[in-house]
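Shared chain: chain A. Partners: chain B in the first complex, chain C in the second.
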Partner chain A sequence: MKITQQEGKRKSLNEALITIAALLILLALPSLTGSQKIMDFVIFAAAYGVLATALNLLIGYTGLISFGHAMFFASGAYSFGALMQSETTSVPIAIVLTLIITATIAAVIGAICVRLSEIYFAFLTLAFQMFFHSVLLSWVEVTGGDNGLLGGIPTPVFFGINLAQAGTKYAFCVSLAILSIYLLRRIVTSHFGYTLRMIRDNERRAIFLGVNVFLTKLICFTLSAVFASIGGIILALFISGAYPDFAFWTTSGEAIFMVMLGGVNNFLGPLVGAILLTGLNDLVVHYTNHFGLFLGSIILLFALVLKKGILDFLDPVLENLLNKKIKTPNDTSEVENSDA
Partner chain B sequence: MTHKSKLLDRRQFLATSVSAATLLASPAILQAKKSDTIKIGMPTILSGVVSILGESSRAGAQLMIDEFNKNGGLNGRPLELITRDSRAKPEEAVKAVRDLVNGEGCKIIIDAEASSGSFAVQEAIRELGVLCLHTVSEATPLSADPKLRVPTAFRSARQGIHDAIGGGAYAAAISREKGLKRWATCSPDYAYGRTTTAEFMEFAKHFNGDIEVIGQVWPKLFQPDFTEVVTKLLQLKPDAMYSALWGGDLVSFVDQSNLYALFGQMEAFAVNLGDYPVLTAVENLPDGIRSGSRYNKKIPDTPENSDFYDRYVEKNKVLPTNWSWENATAMSFIIEALKDVGSADNPLKLAESIKGRKIKSPFGVDGTLTMRSEDNTLVGYAVGYGITTKKEPFMKDFQTTAWDQIFELETKWKKRKGYL
Partner chain C sequence: MELGALLSCLSDQSCLVTQTTSGLIIGMLFFLVASGLTLIFGVLGIVNFAHGAFYMLGAYIGYSAYQVTQNYAIAVISAGLGAALAGALFECLAVRRVYGQNVLLQLLVCYGVVLIADDLVQIIWGSEYLSMGMPETFRLPPLVIAGGFVPPFYIFIICTSSIIAFLLWFLIERTQYGRIIRATATNPEMVSSLGIPTPLIYLSVVVLGLFLAGIAGGLAAPIRALTPGMGFSVLIVSFVITVIGGMGSVSGAFIAAILIGLTRSYGSIGFPLFVDGLIYLLMAAVLIIKPTGLLGEKKADRP
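Our next item is the complex of A and B:
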């Protein structure tokens, strides 16, 4: 189906409006509920939501299953935390520097990893992650070793914004998350995003069409890492610290599970997965210590019954209800109109 | 056919109104009843390989709470302990603390987390401003480093440097007596293992300049097979060996070392061996291993300590651990502060009440424990070393380190570290 340029612009405008509406709703949430607990939950879910959505750029859109994305999540938290602790930078500069640091690390690691595919790619990313985790544990003078970055993360006032205030921190973290997700959305609906789908679906065809597959994958890997590090920054701000656990393989596993839980073929799937998993975590630990048992049961349920993520499952249902096609990463109908 | 009127008569109207009002008001009534309780939150590790840490922490605190509630609570207001499993993840510990404070309304936190979790919780406490007692972390900087200190946070746990000074003095004396010059170490490969080992050997050398470390092995945390570690130690042929292994790792190490008769070939110092769960889990506990003080009903050998042991065992049907007394102590300080201030509403007042407070305690070497005001940390507990025996009470010839000596060397150490 060919979509006109006008329709494309209208869709882009709609997405921008939806993003603004989502941001306004989230910013109004504390006033509406008056609950600090809900604010805490939103920040925590936002951090993991950004990580999972960034990871899906590789998994869902490029067909590269990374087992090591927690390394970039940790890179964001540690770089930002260490820069702020050095008391030489302001928050915005520290964020920019963090993104540059993560992009550099990701470009180097990606240049090695994206030459491989499937299980070889997955294991190589896992290997790099465990190496990164070992560095965090061993380089005690800089990273604090097992104890993490000690002493909290100072956040001096910038442009009149004081992140030491709970409400301001909430608004900042939520804005950062929404902006990241919006930018990721722009990426996946751009020409670049559709090139990623083409590589995922038929790499050989992409090569024949003149696509520099290596470079495209590397850019995707780096972009995905940069956004994952924004998730790390949000979590570091929330807990005022950074810990080696952030870079452990279990964090990558949780992120993959979030993607699978929410739906790999829907842009918002990973975000939904992150909200569900963190919400479930909150609920389960409230009543029992058997978190693993519940999580395992849910994984079984999805693996044996649904066989797909929630939004992937709901997509056709909603489509029938609305009688309207819903855009998925598999949908290449907009390729001719992409304007981002 | 007659139709019943759909209108309510007066009686029905009154009955319905009362029922509806009761139903609608019940959350408020329950809330009012609930609000009478003083809630104390405890983030801890209740699942995984070290769940015993959380279980015995909870049991230690709950014992004191139950006894306080039985005696009427705080002017009729009972204490309630709410626990959250952090699964040993610092970010979960922080989230749990925030949930306990913001969601459950806890004004007091007992942080029964391992070290990395405790450092994370400390930062959450800095922001939330509630009263907090760290009850498990032995990492010295938590209270020694002034940059990390928080006015409303205290530590009612052992501190690594105190054990290191006591252990170093003891090791030096035994070394001199038996001519143990060549030492090896075998400690877990993470921050606690490395810092504790370094501090122990630093003070052993301080007291006895002849001591020399000829080799160190660093097994991974929770590694199942210690064969390579044991054979490496045997190859080194040291006169003595120090280990900061703990819990299941220490049980595995001792059991596997027995197969090689390691303990017959060198003098062994294991700071964490003297805890009941470890002592009772080792299949064939060798006589003569030197262990640091953890919890033992004979250390100090007083009726009060034996009484605590009996009460704990009667209630929980398991033996107390080092974490049990540390958490029971935290609750004792909290209870004294609550009695002093009269409510839990003002964390700063509670903190002022705890700062520098001396309480009667079965775990103090002189029957008291003090929350030192300079650095919000516990002093006066039993520090020293004894020798293991196969049967209860599992420890003999316990030598207590004098606190005057600990204070003197701790001050010098803090100056060297730049903490003073």
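Our next item is the complex of A and C:
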């Protein structure tokens, strides 16, 4: 299907409107429900949702399975937390510095990792992540070692915004998350995003067409890391701390599961996966001590029976429904069906 | 960082003996786990993320068998058999359904199994740390070799695992079964069209690999504290070994396991807080220089 320029413009306008609507709904939530639980849930889902959506830039769009993305999630949380604790920077500057730090780490590690493919890429990223995890554990003076960044993260007032207030903090975190997801959407619908898909589908063809595959993958890796670190910033800001578990491989495992659960081939899939998994976690912990048994069974059921993400599964179903509505009762397709 | 301590150890004979034996024992136990992992990858093309869970299962079954029989040999053998049995179930119920599919899907299935196994162990054996204690036979004074103290149990472990390693090499390189699994690893269609039931071969490889993991768990039970989730760290290190040695190469895994064992035992003197970091550095270095690992080869088409 060819998309004309006008259609493209209309589409991106629609997306911007949807984003603003989503933001408004989320901002209105606390005053509608007034429940702290729901606010907690929204922020956790938002932080992990940003991580999963960023990760899907690598997995779904470029075909690179990173098993080490929790490293950037943690580097976001730790850099931001440590910068704020040093009490020399304001919040916006700390965020920008954090993104720069993560981008630098990601560019160096990415330059080494993206040369490899498939399972070797996965393992090299895993190794770097575990290396990062052991740095977090052993560099006690900066990271607090096992205990993580304790003592809270101070948030001085900037531009009249006081993040020490729970409501303001919530609004700030939600806006940050929605903005990140909107920007990620802009990336995947851009020329760059289509280049990523081409590399995923046929790397050799991309090379023949003159794409600098190494550089494209490296930029994608770095971008994905930067957005993952925003997820980390949101979480660190909200719980006022950072823990070494953020960089542990299980966090990467969960992020990958979120991506798979929601659907790899759908932009919003990972976000849906993050919301579902976070909700599931809350529910299961509330009702049973046997968290692993329950979650494990669900994962198994999902992987062995459904075999694809929920949105990937629903997509053709929804499309069918929409098509049927348009079709008239005398549609020829029914005749074809009876023939078959 | 305590480089001084490392240097003084390297120049002291008794310290060398102690550290080398403890490095070898770590390495040999890891080899048993990693060899199964690499075998399963080599033949089935499946990255078995649940491998550590079967090591854990072996350790717990060994613990229980020892409580009942007070016989360490029986404990180790039942650890192996128990893990193998669970492995057969694992293959039939789960892995079989994702052969040749998306790597992500395979990872997820294994991830689910790990979560379930950890919780089951917690339900059956409790979440407290368990300790099997040294078997009666090995409660002997340590041997003194060149001034270094070496417990007899360590020597037993090193000998037993070396024998198992030799038997494994013999099985793969010198028997009919070994020829069949090597052929299956290279060209499953050809093997299948020769009338050999490949599904059975796959099942047997999974069972063999998890038997080895169970044996390793049983052997390690007297010197490790048992806890649900103990499989995690073993799994990750085994992966590192598999990758360093070359995915699918058993002899590569052997070299890498010894290398990792020694790195850990000497690293714990020189960089006490950074031992794990060292082995990941080692892995990254190997992958950067030789992406397929030390003895890795290009992999074949999978089922």
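As a convention for this text, the second predicted complex is superposed on the first by the 323 of 340 C-alpha atoms of A that agree within 3 Å, B and C clash if a C-alpha of one lies under 4 Å from a C-alpha of the other, contacts with A are read in each partner's own complex, and residues count from 1 in each chain.
FYI, contacts are C-beta pairs under 8 Å (C-beta built on N, C-alpha and C of every residue); 3 or more make two chains touch, one makes a residue touch a chain.
Note that the structure is predicted; figures quoted are calculated from it, not measured.
Report for A:L137: first if it touches chain B alone, second if chain C alone, otherwise both or neither.
A:L137 sits against chain B and chain C alike.
Going by the contact rule set out at the top, does A:L235 touch chain B (first), chain C (second), both, or neither?
First partner only, chain B.
May I ask you to name which of chain B and chain C touches more residues of chain A?
If we count touched residues of chain A for both partners, the winner is C.
Who does A:I93 touch here: chain B (first), chain C (second), both, or neither?
Once the two structures are laid over each other on A, A:I93 reaches no partner at all.
For A:V285 in the superposed arrangement: first (chain B), second (chain C), both or neither?
first
After lining up the shared chain so the two structures overlap, which partner does A:A16 touch, if you call chain B first and chain C second: first, second, both or neither?
neither
With both complexes superposed on chain A, which partner does A:Q36 reach: first (chain B), second (chain C), both or neither?
After superposition on chain A, A:Q36 lies in contact with chain B alone.
Quick one: classify A:Y243 as touching chain B (first), chain C (second), both or neither.
Only chain B is touched by A:Y243; chain C is not.
So, A:G151: does it touch chain B (first), chain C (second), both, or neither?
Once the two structures are laid over each other on A, A:G151 reaches chain B alone.
Let me check the overlay on chain A: which residues of chain A are in contact with chain B and also with chain C?
Residues 137, 290-292 of chain A touch both chain B and chain C.
Given the complex with chain B, which residues does chain A contribute to the contact?
For this pair, the touching residues of chain A are 35-37, 40, 44, 137, 140, 145-148, 150-153, 164, 166, 235, 238-241, 243-246, 282, 285, 289-292.
Where on chain A is chain C touching in the complex?
59, 65, 112, 115-116, 118-120, 122-124, 126-128, 130-131, 133-135, 137-138, 249, 253, 256-257, 260, 264, 290-293, 295-300, 302-304, 307
Show which residues of chain B lie in contact with chain A when the two form their complex.
46-47, 51, 84-85, 87, 89-91, 94-96, 98-99, 102-103, 115-116, 119-120, 122-124, 126-127, 139, 141, 145, 147-148, 190-192, 194
Which residues of chain C touch chain A in their complex?
Result: residues 47, 94, 97-98, 101, 103-105, 107-109, 111-120, 122-123, 236, 239-240, 243, 247, 273-277, 280-281, 283-284, 287-288, 291-292 of chain C touch chain A.
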